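Take this structure, written in structure tokens, and hold onto it; I'll ask about it next.
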Amino acid sequence: MARNKTYPDFDAAVADIPDGAVIAIGGFAGPGTPYNLIAALARRGAKRLTCIANTTGGAHKPRMPDIGMLVENGQVAKVICSFTAATRASDVLPFTKYYESGEVEAEIVPQGTLAERLRAAGAGIPAFYTPTAVGTELAEGRETREINGRRYLLEYALPVDFAFIRAARADSTGNLRFHRSQRNFNPLMAMAAKTTIVEVEEDILPAGAIDADDVHTMGLVVHRLIRVPPPPMGLWTRKREVAR
Amino acid sequence: MARNKTYPDFDAAVADIPDGAVIAIGGFAGPGTPYNLIAALARRGAKRLTCIANTTGGAHKPRMPDIGMLVENGQVAKVICSFTAATRASDVLPFTKYYESGEVEAEIVPQGTLAERLRAAGAGIPAFYTPTAVGTELAEGRETREINGRRYLLEYALPVDFAFIRAARADSTGNLRFHRSQRNFNPLMAMAAKTTIVEVEEDILPAGAIDADDVHTMGLVVHRLIRVPPPPMGLWTRKREVAR
Amino acid sequence: MSWTRMQMAERLVREFQDGWVVNLGVGMPTMIADVPMGDRDIIFHAENGVIGYGAVCAPGTEDLNLVNAGGQNVVLNPGASIVHHADSFALIRGGRMDVTVMGAYEVAANGDFANWKLKGAKGGGIGGAMDLAASAQRVFIMLEHRTRDGASRLLPRCSLPITAAGVVTLVVTDLGLFAPLGEGFALRDLAPGVTLEEVRAATACPIIA
Amino acid sequence: MSWTRMQMAERLVREFQDGWVVNLGVGMPTMIADVPMGDRDIIFHAENGVIGYGAVCAPGTEDLNLVNAGGQNVVLNPGASIVHHADSFALIRGGRMDVTVMGAYEVAANGDFANWKLKGAKGGGIGGAMDLAASAQRVFIMLEHRTRDGASRLLPRCSLPITAAGVVTLVVTDLGLFAPLGEGFALRDLAPGVTLEEVRAATACPIIA
């Protein structure tokens, strides 16, 4: 377990991502979002990507690196997410116009189904049934099944090539800890991915520094770690640091 | 979150378990096994139970309270487990003869499928596909499906009335911590059960004493807590304490 | 006279029972966490895996890595716990939410409601709404009784794509509290100064008083 | 002459590659954790959710709440982590085991093997064997070449109910190391002092040398 998975910088960590890759990007409303890895992927310029995330990015200012930015950069073929538009008509997401015009494809998935499809991919479960979305437009033409008197929709696993995630703390073997709601999709995406790349907010600890009972994501599914440089050198370590 | 879920003793905690209940019992090779709750259920005497556990109990001495004991007590109609017999022919489980003679029904389930069926029950997933057991006697006559060129078996969720589990530490709201391999099936059974009853090895802590990031099983799915009295008053706090 | 949004929140909170687990959607429902619960022990669950959160933080006291479903920085109550998204939605689909409170564009007498896609849009914003609507024990909807153009948001059937079918338990609007009854809504409570006739005039389906 | 059980374990360990995640079944395979790995970095996974364990504890140093799949009290190596059973088998089904090493009653030239149910028994002991066999990247089997009655445990087809179909990668016995080839086994290595003729005489299907 002694292998050190630390990478020197964000660009090195994404240097082998090919055109056409499936990238899952963690985060929910800020916490746990791997801003530095998204920015590195924009610099790398890989194209025809499929991006999986809860949203394509917010309508907030200042703008943070997000999927919308990769879309504007011409790198994205398809997005799988639970929002292609904001629910409030007054909030306009940068992504929405690309989707509405047909420039980028999108698959809109209920958030719990998105989480469960990622979990299934990581768990070797190719498909499962869920009550979510039954009777809605999303279920039209799709396979359903009645089990114990209730109708369920068949959903398939969502395997991932590269997961981009952000954690509070890591040891050199890749064991991770998240702080508070930073956890969100991140553990699932790490489980679902062939290669998991993590930006870490604190210095990377020696193996064993995180007690075995306290690990949120096991190093077994984590491949590359990059320390987020402390401000002011670091980019986007926290929303506030950008907003200042 | 201030509700105190502490019960005075094991008998009070199982006093409402009716005949015919489905009981899931945690533990793997000792750690995490709720010996005191099993003993209380034997005293309670509820009948026609369905018991879900990895095993029905070991062939070891001294004998610990186990499902085999409930079977000998005439309380069990059916067992769902991954072992009805030991794999070594020389180890004879007390349960095996009851099953071989037809006195008690058994459903033998691969351990990972057992875990996933419990997880599914807790997660509102009524059924899922798994590669496990395809092509074996266990799949005979059952529904399979080819997905992306591989064949999978359909498995159903396993809902539970009462989960018996054992934890190292709890707060009064039912948040739990397990120590090392004590975790095993316990978090899944708590999620799958209508009522979760926990024997706790340490004094029950005030709400908030376990940091939110350090909770293994959330109090939301935990209903009753009983402190295992410290030896010599307590029963079976650890194998060693019995063996001495 | 009618209810303000805070009064709508307060009216719904009167329906909460001791011990309930409550999920609050984005928008108007987030106000509910600020309403005093008296001696009732209520646990708030946010879809992003935060169990047992409380009020929005005072400025300067925020933990920037802790947000509720609406992205607000909130405090944790004693006994709080954090889980990942799959476990969070396991609790939702597993039926552990006693109630979910959501905003909506439309709600129908047959218990359907719509809150994810606007007319003519290609996509929309589902978030956790479909999972919550399908599996919570009760679905409470908060919405203005009428659109800005004065059209009723309470309808015989939804005109927009629905979020879930036949799941709505209670609806609070600025005019009153309602329960879908199939062909119309039962009136459960009237906002002060609002008359039954005003409600009927504002509603596109029968109101059973 | 032939290999002892420890030598069988050592022979299999020579096949391990640096960085592998290895799951060890109950019985003979547990010995593998005691074999020196040299400079190879090997992670042992136990089905009960223990990732990164090491040797069996010296008496008196045990943590009684920490066991491997065989119920032995083991130590944790630096970087170890603990997960619950669903996550442990998620890693297994998810293909994260580079190899699983299991005992067996029989192994067949077509890659089937049997290790859960004895002849004439109504039930058996599956444990995690079917999950591991179906989803590990490689399945290594350790078993005595012959039964106590001298019958071959390497067969054209299994006579007992199988654990998984067509999954076996390598088989180590007291006589040698073998790989199933469909109608027979390829001989990969011979125990010292054992001849090809002896192996052929002890085996109920062709041995391809």
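Labels A, B, C and D are assigned to the chains in the order they are written; within every chain, residues are numbered from 1.
Note that in this section contacts are C-beta pairs under 8 Å (C-beta built on N, C-alpha and C of every residue); 3 or more make two chains touch, one makes a residue touch a chain.
Predicted model only: the values in this text are computed from it and were never measured.
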Checklist line | Chain of greatest Cα-centre distance to chain D | finding: C
Margin query: So the centre of each chain is just the mean of its C-alpha atoms; given that, what is the distance between chain C and chain D in Å?
Written below: 55
Checklist line | chain A-chain D separation of Cα centroids, rounded to whole Å | finding: 37
Item checked: Distance from chain D to chain B - Cα centre to Cα centre, in angstrom -> 28
Notebook entry, point to check: For chain B, what residues touch not just one other chain but two or more?
Noted result: 116, 119, 123-125, 130-131, 178-180, 183, 212-213, 216
Next item on the list: For chain C, jot down the residues that touch at least 2 other chains.
Entry: 76, 82-83, 86, 89, 92-93, 135
Note to self: Taking the top-of-page definition of touch, could you list the pairs of chains it picks out?
What the structure shows: A-B, A-C, A-D, B-C, B-D
Checklist line | Footprint of chain A on chain C - complex, ascending | finding: 26-27, 46-50, 63-67, 69-71, 76, 82-86, 88-89, 92-93, 103, 115-118, 121-132, 134-135, 161-166
Check: Which positions of chain B touch chain D when the two form their complex?
Finding: 28-32, 54, 58, 82-89, 96, 99-100, 106, 108-113, 115-116, 118-119, 130-138, 168, 178-188, 216, 238-240
Check: Considering the complex alone, what residue numbers of chain A touch chain B?
Finding: 116, 120, 123-131, 145, 147-148, 150, 152, 156, 177-180, 183, 212-214, 216
Check: Across the complex, what residues on chain A touch chain D?
Finding: 1-3, 119, 121-125, 171-173, 175, 191, 206-208, 210, 212-213, 215, 218-221
Checklist line | Interface residues, chain C side, partner chain B - complex | finding: 19, 21, 41, 43, 45, 51-52, 76-83, 86-87, 89-96, 135
